[in-house]
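These are the structures, in structure tokens.
In the two complexes that follow, chain A is the common piece, with chain B as its partner first and chain C second.
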Partner chain A sequence: MKKVYAREDVCIGCRLCEIACIVEHSISKDIIRAFKQEEKRPARNVVEECGPVSFSVHCRHCDEPPCVQVCISGAIVKDPATGIVNHIPEKCVGCWSCVMACPYGVIKRDTDRGKVIKCDLCPDRDLPACVSACPNEALLYEEK
Partner chain B sequence: MKYVIIGNGVAAIGAVEGIRQTDRQNPITIIAAEPYATYGRPLIANLLRGKIHEADLAYRPEVFYRDNKVTLLLGRTATKIDVAARRALLEDGDKVPYDKLLIATGGKPFIPPIQGKDGPDVYTFTTLDDAKKLDALVGKIKQIVVIGGGLIGLKAAESLHDRGLKVTVVELADRILSTAFDQTAGKIIGNRLAEVGIEVITESSVKEIVRKKDRVKGIILNDGHNRGCEAVVIAIGVIPDKDIVKGTGIETNRGIVVNDYLETSVAGIYAAGDVAEALDLLSGERRVVPIWPNAYNQGQYAGRNMAGARVTYKGGLPMNSIEFYGIPTMSMGMANPADAGYEVITRLIPEKNVYRKLVLKDGILVGAMLIGEVERAGILTGLIRNRVKVNSFKEELMKDTLSLSSLPGEIRAEWLNK
Partner chain C sequence: MLHQPITKNYHDFIIERDPEKCIQCQVCVRQCSYGAHIYNEKDERVTEDEARCVGCHRCEALCPTEALTIRRNPSEFRENALWAPQFIKNIYKQADTGGVLLTGMGNPYPYPVYWDRMVLDASQVTNPSIDPLREPMELRTWLGSKPDAIEVEMKKGKPNLTTQFLPQLQINYPILFSAMSYGSINLNVHVGLARAAEELGILYNTGEGGLHQSLYKYGENTIVQCASGRFGVDSKYLNAGVAIEIKIGQGAKPGIGGHLPGEKIGKEISITRMIPEGSDAISPAPHHDIYSIEDLRQLIYALKEATDYEKPVFVKIAAVHNSAAIASGIARAGADVIAIDGFRGGTGAAPTMIRDNVGIPIELALASVDERLRQEGIRNRVSLLAAGGIRCSADVVKAIALGADAVYIGTAALIAVGCTVCQRCYTGKCPWGIATNDPYLAKRINPDIAHRRLANLVRAWGHEIQEMLGGMGLNAIESLRGNREKLRGVGLNEVELNILGIKHAGA
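And now, the complex of A and B:
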């Protein structure tokens, strides 16, 4: 399946990917409304910076996803057809088991809502918003 | 080919999903004594607490069973297995033929021989029906005693407290959560429970449940102290529910012993979940570790093997994540080593209810415990699972800013290119 891959050699740490992610998953999908009027949710990727090195971490939509195995409420499921590991917020009870299990540390706690938040590869788009927004092709959406 | 699964826990769901990875066609039958399709069993605490509704409990949507060609025989108890004829025998006399069978009967509450335990007003807390019975007590009684300060006991206590009952927890060990957590962690959670008004008595046990005209009136502790109460919840732990294999010749120890393919000593019969004694990743031994992720995973590997894929189960890793009144707690791997051959690093900020502990063996991370500060905790779990030598960057792992940048470049590159 196609996944988002990060290239740390060209990442400039601008965090536009995070902004694009937040906007894409907002109600209005408008940057100003998303940041000024709506309840802001965390981005679904994690940009890490360590000295001169920076890179963005994205859900790997694993073949055997640890987050699916540990979920106590059935809120995380891997779609057998697309391979996408989806989170169903309505079913999430905020036990944080998936936060404990994800080896990439890419499932975040949204403590305001008492639920987790994770990458869904942007179901409404051909190209995930983070990849579109990256100014230096440090994010690639491809099949390896 | 007919697949039969006995049990409606999460191992059954893992098995259905595992079978269907290889075999899209042949019928699957799930037989379960409980009248419900698989539900998020730990969520009975959320239900009792009033946070969710019964409809929210379903672990998979109804269409899951239709889409996967699963027939549900619910509220039907399988009592025996006729190994020679390859049939599961039900209490009502029905016989269900199988080609491949999975025993996923789970655990049942352990009830110690306490005087006065038999009769009304004594409850357990492992099923939806248990939760419904306790829910029916709300408003009718004022005081309740929970015997057992493990995860199940404390979750029952928290839910009942929030519904207005006065709750006392009695724990035999010197701390609550003694299986997965240590003294320091137990103290943080214990203090928090005391703060909200739950009484926790440690290093004590219930000698007698006092009854008057059959009804529970209180308990007497082994030191002679007593507490008045109108009901008791026994939540000491679960033991494998393996009665069904009696007389079959299937090898059992504490649980039903399975090989690396989750198959029992009888070909074609598999076991998974809380009833199974399966490979434990870190010790390399077969153990009963009754936790949710192991049950799903074992079920899934059993299912794949039942359908003919030959896949080796890599072994389970003990882990627990649970929140008590706003304090998230996690324990992974050997977080509480028994002997001195381990390097233990801790960081405690008592006023913030933050505690972090790493356990290393020969430089390899084998366990972790996190209280209060849990962001990106899975990175540690990944290091434990992959037996990574962390000696050179262990200080980084102690920080709340734990990140993949803490890892050596080559490990990070390998992980992120998956």
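And now, the complex of A and C:
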């Protein structure tokens, strides 16, 4: 399946991917409204940074996802057809088990709603928002 | 702070932040390598220190909501035709520091730009123009020394060329990437230049900083430079490219050497330049083994000897008052190609006074060199490269009509990869990731993007050159070379027209 891959050598740590993610998953999908009027939710990726080294970490949509295994309410499911690890907010009870189980640290807590949020590879778009927002082509969306 | 030094208050730019649009995302804070954008954690607001802004527009380019506008500081000194603001500000700076003023890029002052005072011809009625999209249009160029005449013998009824040619370089466009050293720009930019040159079938120039190990594979498209510091020069290096350039001078700083401070000599640069890590890389003003044309001849032939007479030797000089006579000497000393760098040529660092006051315009230098070599009957012995301030394809066409075989582009190439000509290259903090070796900043150049954009630029110029040639009824760049009849001056005086060797428009 196609996944988002980060190129550490050209990631410039601008975090526009995080901003694009927040906007894409906002109600209005308008950057200024999303940040100024809507309740702010965290981005679904994390830019890790240490000095000159930076890269964006995204859900790997693992073949055997630890988050799916530990979810007590069946709120995280791997779609056998697409391979995408989906989160069903209606079922999520906010126990944070998946947050602890994820080896990449890319499941985030939305403390306002008491639920987790995670990457869904932007179902409404051809190219995930983070990938198209990267100014330096440091994110690739491809089959490897 | 109640009191601030005057240099801080009389800053050049102001940062306008539209509070309606700013989402406090701090992209500007992370992008500004000069610290002009500051995030105040207490107030959770981005603020600015405008005195630090250099006007590079990086923040503006990356702001996701277009909340930022960088403007000239509207604050004005009392108007004075003599004491223009830059003189006042420079004096303040020097009174503060006691130091030499430094700057980057090329001479920005409003000296005449002769490219803009020359116009091109086009065919109408009496001779047909040519459509390059329908008919062949040759941009291919051969650089190198041409024989005075060719000899042909008939063998079995077929002509056979018997003249031995000196080495020639074939390039698909009359455009080369000029010398920019690894050190002044970083490896990512070099990779972009090398790959673009390979794709286009042109050449890039290593500059004086040696050739990084990873770039030896682009040798077929590389000119290796040998400058006064001799950094990174050994026989492997000399044989790595297809040509060797002896750098005598640089348009941005004629008569001046170079100095890459020790702090910038990291591991990779130290290996490439073949000097100890942390040691200053000092390029002397002259080559200490060249004090005359005869000495230059010795170096030219030493380099030819070292490369088996297989590679043309270029000699690059800054355009100065006696360029024509100097070029004649260089041609007679055995150079295959002479590159002339005009006073608009860029640099990674130069004393401001030198950049802005030394050297002459490339248009005049080029015309006088071409004319002199023709008069002496030795124009065929060398190819001429014009450098320093080539901004567009029309400049290329005009340069070739004035007598150049091809042009070098440096600043234009950097602009293609993001440079906004803010002239702060000497700080090593280039926010566009070009003139810096700081690994955090250098990552901002993605070699793949740089490669693509550079190749696009040259291809686009190629199309435009073909259109202009076709309009003039020419079907090969060869037919334009030194064809000054295709140029006319606009608003030039008699002396200027004479030097350029062109008629005034209407004549």
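Everything below uses one rule, namely that the second predicted complex is superposed on the first by the 144 of 144 C-alpha atoms of A that agree within 3 Å, B and C clash if a C-alpha of one lies under 4 Å from a C-alpha of the other, contacts with A are read in each partner's own complex, and residues count from 1 in each chain.
The rule we apply is simple: a contact is a pair of C-beta atoms (placed from the backbone, for glycine too) under 8 Å apart; a residue touches a chain by one contact, two chains touch by 3 or more.
The shown structure was predicted, so the numbers you read here are calculated from the model rather than taken from an experiment.
On the superposed chain A, the positions of chain B and chain C stay apart, so the two partners fit side by side.
Look at A:W96: by the touch rule set out above, it reaches chain B but stays clear of chain C. In the superposition on chain A, A:Q69 makes contact with chain B only, not with chain C.
Comparing chain B with chain C, the partner in contact with more residues of chain A is B.
With both structures placed on the common chain, the touch criterion links A:I32 to chain C but leaves chain B unconnected.
Within the superposed three-chain model, A:L127 lies out of touch with both chain B and chain C [touch as defined at top]. Contact with chain B, but none with chain C, is seen for A:I107 once the two complexes are overlaid on the shared chain. In the overlay built on the shared chain, the residue A:L140 is in contact with neither chain B nor chain C.
Chain B and chain C, viewed from the C-alpha centre of chain A in the overlaid structures, lie at an angle of 150 degrees when rounded to the nearest 10. Using the contact criterion defined above for the overlaid structures, shared-chain residue A:P52 touches chain C, although it does not reach chain B. After overlaying the two complexes on the shared chain, residue contacts for A:L16 are found with chain C alone; chain B is out of touch.
Between chain B and chain C the least C-alpha distance in the superposed model amounts to 15 Å. When the two complexes are laid over each other on chain A, chain A has no residue in contact with both chain B and chain C.
For chain B in complex with chain A, the touching residues are 14, 20-21, 40-43, 46, 51-52, 56, 58-60, 292-293, 296-297, 300, 319, 321-323, 328, 330, 332, 374-379, 381-383, 385-386, 402-405, 415-418. In the complex of the two chains, the chain C residues touching chain A come out as 20-21, 23-27, 30-31, 62, 64-65, 433, 438-440, 443-444, 446, 448-449. Across the complex, chain C is touched by residues 9-16, 19-20, 31-32, 35-36, 51-52, 54, 133, 135-138 of chain A.
Residues of chain A that touch chain B in their complex: 5-6, 46, 48-50, 53, 55, 57, 60, 62, 66, 68-70, 72-74, 77, 80, 91, 93-105, 107-109, 144.
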